[in-house]
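What follows are several structures.
Here come two complexes built around chain A, the first alongside chain B, the second alongside chain C.
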Partner chain A sequence: MSKNPRWIVYLLIFIVLLFIPRILSIHDLMLFEYGITFAIVGLGFNLLLGYTGLLSFGHGAYFAAGAYTVAMIGKYFPQAYSLEILIPAALFFSMVLSIIFGFVCVRHTKIFFSILALSLSMLLFALLFKLYHITGGSDGLRVPLPNLFGMSFKGIRRPEFLSGTYYYFLLGMFTVSFLVMKGIVGSPFGKALQAIRDNEVRAELIGIRVRRYRLYAFVISGMFVGLGGALWTFVNGHVTADLSHWVFSGEIVYMTLLGGFGIFEGPIIGAMIFTYLKLYAMGNTQYWMFVIGGTLIVLVLLLPNGVAGAFSTLWSKIKKSD
Partner chain B sequence: MEMLLKIENLDVFIGSTQILRNISLGVNEREIVCLLGRNGAGKSSIIKSIIGLYPSRSGKIFFKEKDITPLSPRKKVLSGIGYSPEDTRIFTELTVEENINLSTWVRGKGEIFSYEKIFSIFPKIKDFLDRKGLNLSGGEKKMVSIARALALNPSLLLLDEAFEGLAPLVVNHFMEALNQIRKLGVTILLGESNVRIVSQVTERTYIIERGEIIFEGHPREILENEKLLKLVGR
Partner chain C sequence: MLTIDNLKKYFGFVKAVDHVNLEIKEGEIVSIIGTNGAGKTTLVNLISGYIKPDSGRILFLDKDITYASPYVRIKLGVGRSFQLIQLFTNSTVLDNVRIALFSKYGMIRRGLLPADRYSTVTDEAIKILDSFSMSEKKNLTPKGLSEGDLKILDIAIAFALKSKLLLLDEPTSGVATNDKFKVMDSIVKAIKKEGISTLIIEHDMDIVSGYSDRVIVMHEGKIMAEGKPDEVMENKEVKATVFGIVS
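On to the complex of A and B.
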């Protein structure tokens, strides 16, 4: 591990990340935290898109599963409203949902898979929207500050919470997610997924259980996205049914494409850029969707491998010229 | 010698078109048998039917005396049939080592075709183990494709057009490799269109023409028969 210069870069970035709360203003720090939660989402989403070759337009559903698990425990079981319970619960419910939805979706590929995933997420959206008395409907649910191992944050303002304990909790969760996903994609299972992506018939011909492996990838992906959703709620303070809408799922696809799905770190970079791009575009023009759409067009035409892909190509060229 | 693979009256259709008619053949243990024919004659279709990519409408396929006709390709592979397809199709984004390891990972622990055995057949593979599949030449891809099939520890190896597009020197090397594989106890069914090559590696050949078997015998008989030679196109 230490022989690989990439791990030295990771370590250096991690050290810098430790000091981020001292560097950024509270506003920028909150944005950065949004970015980190989306980075976890991107890592999970890319297991399906980049490594298994399945494009889901319904991953907002698992994000919503994680987010609503937190919000509903806060509303209905306040005695259990502690991070050490909320995170496993969010992982569990996003896993259950992705097993059910995944079981239906992985029987198909390409456009059929994408549309099925989208339809199922819209089904969840309809439920979250219509079951007003349980989910808060279009008003959504408020997310109070959680406890952590008996530590209560009552009386503390959200910005203070986010710039202290929670930032480091979030960083810890991101680091664990990063390492776990790195392990998954480098494992025989991860290589089998890549084989399925390259050619599923050939993969079956060397004995890989294609559909089952796809389901595993779908569930792991859903759990990562659910974890991102759960962590996001504390930064946002509020959840609504829109999280399961296809437009939000589209944003997950967008940030992954923006960073580059062919590279492990791509979705992380994409998530960070997207968070800042969206906010600054929204803050500066009412036509912010043009900015997002325009960026996507430029991306597809000029940087089909995303920002990380472009850097990677550039780096390879520099190395070759040496 | 016991019969390892036996096909009885196999009929295969794609849509409403019949591509194989009443195919019956047998392959004995530790034998190299060839399916010879021109492009489009039906060699690949027979191999694909054996591995399960083309389902049969009637007829039976027996492997080690068990009826494997209805099994999925994955189950056939795990029962001991290795397959190296015509277009090789190794996984381009994985390294050569990962391509070969995938088979052993899937197969799990136990008796596996070791790297030493693979290197003894294809010593050149050692030199590009860490190279991605994308960056290999045609001959190298074929080597990896066969090595990957061998890593599943098959009793029967199906090779579709193993010699196609190879330089003459490489062809000689591949012929030696096939003999080595046979000596290691693996039976080979080869789909090939070049009768000269076939005559050097096999002792029993079936000629396929328009989805039917029209000849079974020693390849020498083909070389001595103008009519057959004309039929197979060399």
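On to the complex of A and C.
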């Protein structure tokens, strides 16, 4: 494993990431942290899109599941409001939700799957939106700073929290997610998912239970997205029902396409670019949606494999010309 | 090992398989010939569980598998290849076989260690590819293979599942004429070595007479004739309906 130059690059990037809080201003660091949480989301989403061949337009629901788990525990069980409890809880509830929704969705593929996933996420949206007394409705819920292993961050301002302990916690979670997902896609299980993606009929006929494995992929994917959602809440400080809206699910799809779903690292790169692109577009013009939409058209026409795909093609061309 | 008893499948008014009786012994290579629409592929689909019959029975190794799911049949040892090749197009040749082996050994639930760590499976996959003379191509994807190699890989996958009965739907269709015998040689060599029973659907008479122990002629869903290749080909009725020769 260590002989592979790829792992040396990963290690170098990790070392650079350790020093990010010293390099970036607090504003840019916050953006970077948004990017990291979306990178975890992208990793999870791509297990379904890139490796199993299912395009979900409803993954906002699992993001919301993770985010609301945190916010609701904060509101109703403040004594349990500590990261080491919140993260497993968020994983648990996003797992439960994705088992229920996934069970329905994996009975179908292609557009039918996408629309089902979308409708179910909108169902959750409606619940979060209407159950005002519990969920805060359109006002959402505030997310205070959590404890961590008995450490309290009371009296500390959010930016300080984010640039200190939390950044490293986030980096740790991202690293674990990255390694776990890397393990999954290269394992026999991951190969089985890719087999299903490539040829469902054949996969069935070598004895893979296609629906069951699609559900496994769906649930793992939902849990990663839920984890991303939970980690995101502390950066954002606030959750609203919009997280389960299809527009937000669309953004998850968008960043994965932007980075390139055919490449393992694609969604991570996509998540980073998208975070900065959206903010700077929003900061500079009220027509920011136009910028995002325009980028999508350029992407589809010129870079069907996303940014990471374009780089990898370029790289193999350079290697060939040597 | 395979007994088909009075099997029937109609599609509306079309009598695809019309009360067919058939027996395949262990290690036997049987070819089915017949005109288009004679019911050959339907018969294979019934045996592999892809479609369910209207009536009749299918016994495999003394078990009734008439209405068993394809999954159950695969686990029992009924493997098949397809007329239109079905492969994992974005995986390497090695992975195509390896996935089948992982599935066979119930290892596809293992989700954290890289597939390469399971070296016994990799070695076995290479051995299988070797027996089909395909091991030099193990790192190519199916996109880089010739039609003949694709057919062989398709069968190698069925082979990896340790099938006891192989159903080959036109193993040489789409293969260049001068490659056909090469493809069949390598398939039949591997089959004979393992003593696997085989049912082949084939159009090419040279291949039928060259490789099969027994030939079955189907016409309009019924078995019209049956016997050694040269006997069957001398049958007048067969000559008239299948080859269009009137003497």
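Keep in mind that, in the parts below, the second predicted complex is superposed on the first by the 322 of 322 C-alpha atoms of A that agree within 3 Å, B and C clash if a C-alpha of one lies under 4 Å from a C-alpha of the other, contacts with A are read in each partner's own complex, and residues count from 1 in each chain.
Just so we're on the same page, a residue touches a chain if its C-beta (ideal position, glycine included) is under 8 Å from a C-beta of that chain, and two chains touch if they have at least 3 such contacts.
Bear in mind the structure is a predicted one, so any value in this text is a computation, not a measurement.
In the three-chain model built by superposing on chain A, chain B clashes with chain C. Of the two partner chains placed by superposition, only chain C is touched by A:180; chain B is not. With both structures placed on the common chain, the touch criterion links A:160 to neither chain B nor chain C. Of the two partner chains placed by superposition, A:242 touches none, neither chain B nor chain C. When both complexes are aligned on chain A by C-alpha atoms, chain A residues 188, 191-192, 194-195, 197-199, 201-209 touch chain B in the first and chain C in the second. Of all residues in chain B, only 51, 53, 72-74, 77-78, 83, 85, 89, 91-94, 98, 101-103, 105-107, 148-149, 152 touch chain A in the complex they form. Across the interface of their complex, chain C is touched by residues 180, 183-184, 186-192, 194-195, 197-199, 201-209, 213 of chain A. Residues 188, 191-192, 194-195, 197-199, 201-210 of chain A are the ones touching chain B in the complex. Of all the residues in chain C, the ones that touch chain A in their complex are 48, 70-71, 74-75, 80, 86-91, 95, 98-100, 102-104, 107-116, 118, 157, 160-161.
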